[in-house]
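For clarity, chains are labelled A, B, C and D in written order, and residue numbers in each chain start from 1.
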């Protein structure tokens, strides 16, 4: 267990000694730390209910920590309200599909640019970028999102998230409830984001195989505390030892 | 022997019962105040039976007054058209209320809290309008007359010996009948919520599916609460209006219903006794607050408001507060809801009645519920402001 | 389980305490009662001579009566002027509706009128020059239960010597019972229900018309104008339903067909009802009539929507608006196209108050009090004022505060010549305790003022003040030379 | 023996129903007239219900105080026109809309925001009771301020004289053939249509409208894209109140105004939103028109004339109860 991971290099998102809970005396996370390196996929693994999602919610501001610090680019963001955090270059894709079912694809994606809605030029440019990234969405731009398939809905969600050009994307179990074929597609999208656009991704997942395949650095949580961490190769080696995979 | 808070509660209960019994004496047998007391008890029964429905099972019925009227009209029509004696009609009226309550209860089963509120408003209004329109059958807006009860001779004599001032004025028998009904109804509801059913009620309210999984028959439990509380309302209405002699459809207006709700909420809708005490408190306050004596200097200043289009109603050094007293209660209702959700009276009762073991279980239960609540999508969305740390809500 | 035992114990103890509570000591009252005059006939038979000797003997018996002395406050009104206390204030109770569901409009107008009456009485120092009057209002909300409570409160708490007022029959019917029970004089101002006086309680008087009287007048009006069919639009209240039925019945007796249309009180939208009436009207032959028995502003709503919906007054359609049409400022701002509407007015019209100084003074003060120079007092305001003036006059006449004396004083006004001059006219009561209602008169004539003016007026110009409107019926009050101003024409001047 | 048949006869009045049925002739013009009248008033109902729909879809609560905003809107116009003679009527309507917006928004901030922040136990029950309390409070405040006398604002608009044969007007009435339509209502309906169009444009064509839609469809996701849901709550409640106030403001010249005028109005709004499907904008439009027509036809065709108008409100409420019971999602389900 290494507590001075801060020495490792160029960190964009730093979480230190975090205590978070839904109830004042009952902390789900008890002194968790997490550091995400720029341009890398940092994956957080752990069993059900150890607080992985809680960590992401805390980072994005849905929950306020009782203690600890969260820094983005070296600055604490604890006092920034949730809906302002997106302007700091942070983005969040929740576990449940978070799209606007009755609005069209185009409107959904445009809403991603809510924070710079008065900048018509930039909106148009980003929309165009997204349609190039996901050509299928251009075809269905006028359709209500509710009518699309699950994978396409994730695509819309991702496109919307990318409107703001976030530096860090927090992704919470992106493939929960998706068909097997689609899962591969989604992970490919995440990989592309890192490789082609240099995004920093914090990925929380249950799908260990897929997640490890694209991860760069791995944290494993156990009951609200850090258990192990390390570059993906080390972790895979450890896991192989432990589980014979 | 160690002093326990519960003793205070018992002392207060005894004091209240003694006060209830001696009330006509306390007000010097003045017919007006005896009548006010009787009416207060009537509202207390309605408020506490409404709290059985709303506070215990979470069904917000706005048709409580309508059920009260339904029973009374049924009894009145049984007497008028079928030649029933008043006491027979009372039983008949209560049974009819029960049957209609059963039907409405079943119809409303699948409805969420808001839809149920809307449905019961619709039912209450339809019933009131129909009663008003069917002049030939119900007497329409003129109301339906009901004969007063006559006690059998032996009972009359017995009551006379127990209550020496039985014949002092016509409202004394009415008051004691109502008081008896009040105690009986509260006792009955109290026993009901302390029994197995009480736990069912709460379970259904907190989480229907979980309750069903535990083997609670959700349908029957909800309907039972609906029927019981409607029947109690009907019973109270029948008895009260037999003594008053007349029921008019305006008695069932939504405005009257909102008064009952205000009474229950300010007293504490989670607690039968709290709701009843709230009703008594509010009814007496409303009577007292009809006019407020103010210093003449203040009154003179108030009169200037009339030039600005206000209607300040003054007479002989007294401010008439017909509208403004209700404004006060409306404000009290909203503040109570916002800051003391359990009402103003019931927390005191709870504090007195609470024992250590119960307390910790309740707290843990609360904690678990709060966690669930936060996972809820809505709660998450609303955390967006992230201004405040999650406050414990207990 | 223990707590239930405790609770039961508490209950038992409480009832025992109650049973043992200081019972009112039965007082032994020794009364000397003259039971009878026993006449003892002693017949002595003497030879050839019968002598009858009557001996009168007064037998005195001691009767021990157990009188329950309870501290109950019954009627507590002072029975004589000495009991009035230092200030010598005579209290009169005024039950009026001041909150929903009662007609607050009526209640407040009556409150204003009552205050004016008090000022007028107290200006000269009060009754008999030294006993000022104070009125005690009670808000009855127009509900029977509140009416009952109100009468109880006024009689037993405020110790009023009389009750004068009330707007709603529903409450009034209950109040009359309480007044009778305690034996307190009650003068009802605006309760039309026949039952109020039909019960024939000695304490109860009424200066408003009984609804049967109004219905009779309506029917006569239509019959005199040769109408063949009448649409009666009534509000669904304790006033509208019986009134519409009574009118229908009386119209039937005069050979006129009619149809009742009830509307929920406070209805705003009458469009469908208007269409329906238009449809019915078009199917009838001959002269038609529309009678509006909706009170208050709701009637303006109906009247305006009727005109807009094509149910306007015409040569063969006589449109009788509700009596609130007499408040011409409100009428014209709400029903701008209501010219040629007729309306019934119970109570006086301005033209009839010109020679009456009492009325003039009241009208002036009423306009001042309502801060509305155009507001002619409504009939209930007149009645409330007069009810209080009547009570005051009765006390003055009786020189006593005893109810029996007051009733006697009221009944002493027994004919028009021998009546009491009020703002509305001369008050008198034909039948009462001394002169029972004859068989051929309806029971409600008991203590009933027999001639409240029931007039029919008609506007003919838009924005016309009510003072200019023509009285078209009955003939003896007529101010223009016609019984109906055909729409589009000017009325001929009265010859 | 119990006189049971008597009771039944009493209850049903069969003879009266049958009598009336045979006496009454129904013509085509009559039906058309009833339907037109129903549509006219239905547009205004729709405006009122649209506000309730908006509140429901964004805040997920039913406001029981909706009718009171309607009442306040009317009173504001009345007070302005009464105190400042010659004040332009349309401007008064705008002021009324602003006033109701502010009252609604302030109430939302003070009493509903704690609920959205999760500081309140049992939020759904709290929402019912707190809005009910608000309705109680506002009614009596206005009773205290305005007094109980009915008020009616003067009409500030009249028809130009037109005569085109089929269409002709008098000062107050528009005649289509021989069907008269009330001028005041036509004016109110035109304003209502303009307001409806404005709201639709706002909801579907502006960023704030999209944000409102977004919050109503997924609060969580709205927060993720940077929309502050709490502000949207306030805006939605304020707008909902404003729409009700607007309906009141245009109707105060048609109907007379008392402090409890909002009670039937809110009952009608409930009927409409349940009929159209809770939270559906097209649903509330269609629901409003349906309710208007049903009430009109019901009153016009009810067999017994004496009770036709008395039952007017019942027709809507019966539909309401049936829809709630049989198809709680309404005609349009949930779609904004």
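As a working rule, a residue touches a chain if its C-beta (ideal position, glycine included) is under 8 Å from a C-beta of that chain, and two chains touch if they have at least 3 such contacts.
Small disclaimer: the values here were computed from a predicted structure and weren't measured.
Common neighbours of chain A and chain B, listed by label, are D. The interface with the greater number of C-beta contacts, when A-D is set against C-D, is C-D. Across the assembly, the mean Cα position most removed from that of chain B is the one of A. Averaging C-alpha coordinates per chain places the centre of chain A 45 Å away from that of chain D.
One inter-chain figure worth recording: chain C and chain D are separated by 39 Å, centre to centre, where each centre is the mean of the chain's CA atoms. Rounded to whole angstrom units, the spacing between the C-alpha centres of chain B and chain C is 35.
Distance between chain B and chain D, defined via averaged C-alpha coordinates, is recorded as 30 Å. Touching of two or more other chains is recorded for residues 147-148, 218, 220, 222-223, 228-229, 260, 307, 310, 313 of chain D. Across the assembly, chain A contributes residues 62, 81-83, 96 that each touch 2 or more other chains. Residue numbers of chain C whose C-beta contacts span two or more other chains: 99-100, 108, 236, 262, 264.
Contacts from chain D toward chain C in the complex involve residues 24-25, 27, 30, 33-34, 37-38, 40-41, 147-150, 152, 154-155, 171-173, 178, 180-185, 251, 254-256, 258, 260-261, 264, 295-300, 305-310, 312-313.
Residue ranges of chain C in contact with chain D, taken from their complex: 99-100, 104-105, 108, 236, 259-264, 266-273, 275-276, 279-280, 283, 296-298, 300-301, 305, 307-310, 333-334, 336-337.
Residue ranges on chain D touching chain B, taken from their complex, read 2-4, 6-7, 10-11, 13, 60-62, 64, 79, 83, 110-111, 114, 116-130, 132-141, 143-148, 215, 218-220, 222-223, 228-230, 260, 263, 267, 270-271, 274, 307, 310-311, 313-314, 317-318, 320-321, 324-325, 328. By the touch criterion stated above, chain A contacts chain D in their complex at residues 60, 62, 81-84, 86-87, 91-94, 96, 98-103, 107, 110-112, 114-115, 117, 160-161, 164. Put simply, chain D touches chain A in their complex at residues 207, 210-211, 213-214, 217-218, 220-229, 335-336.
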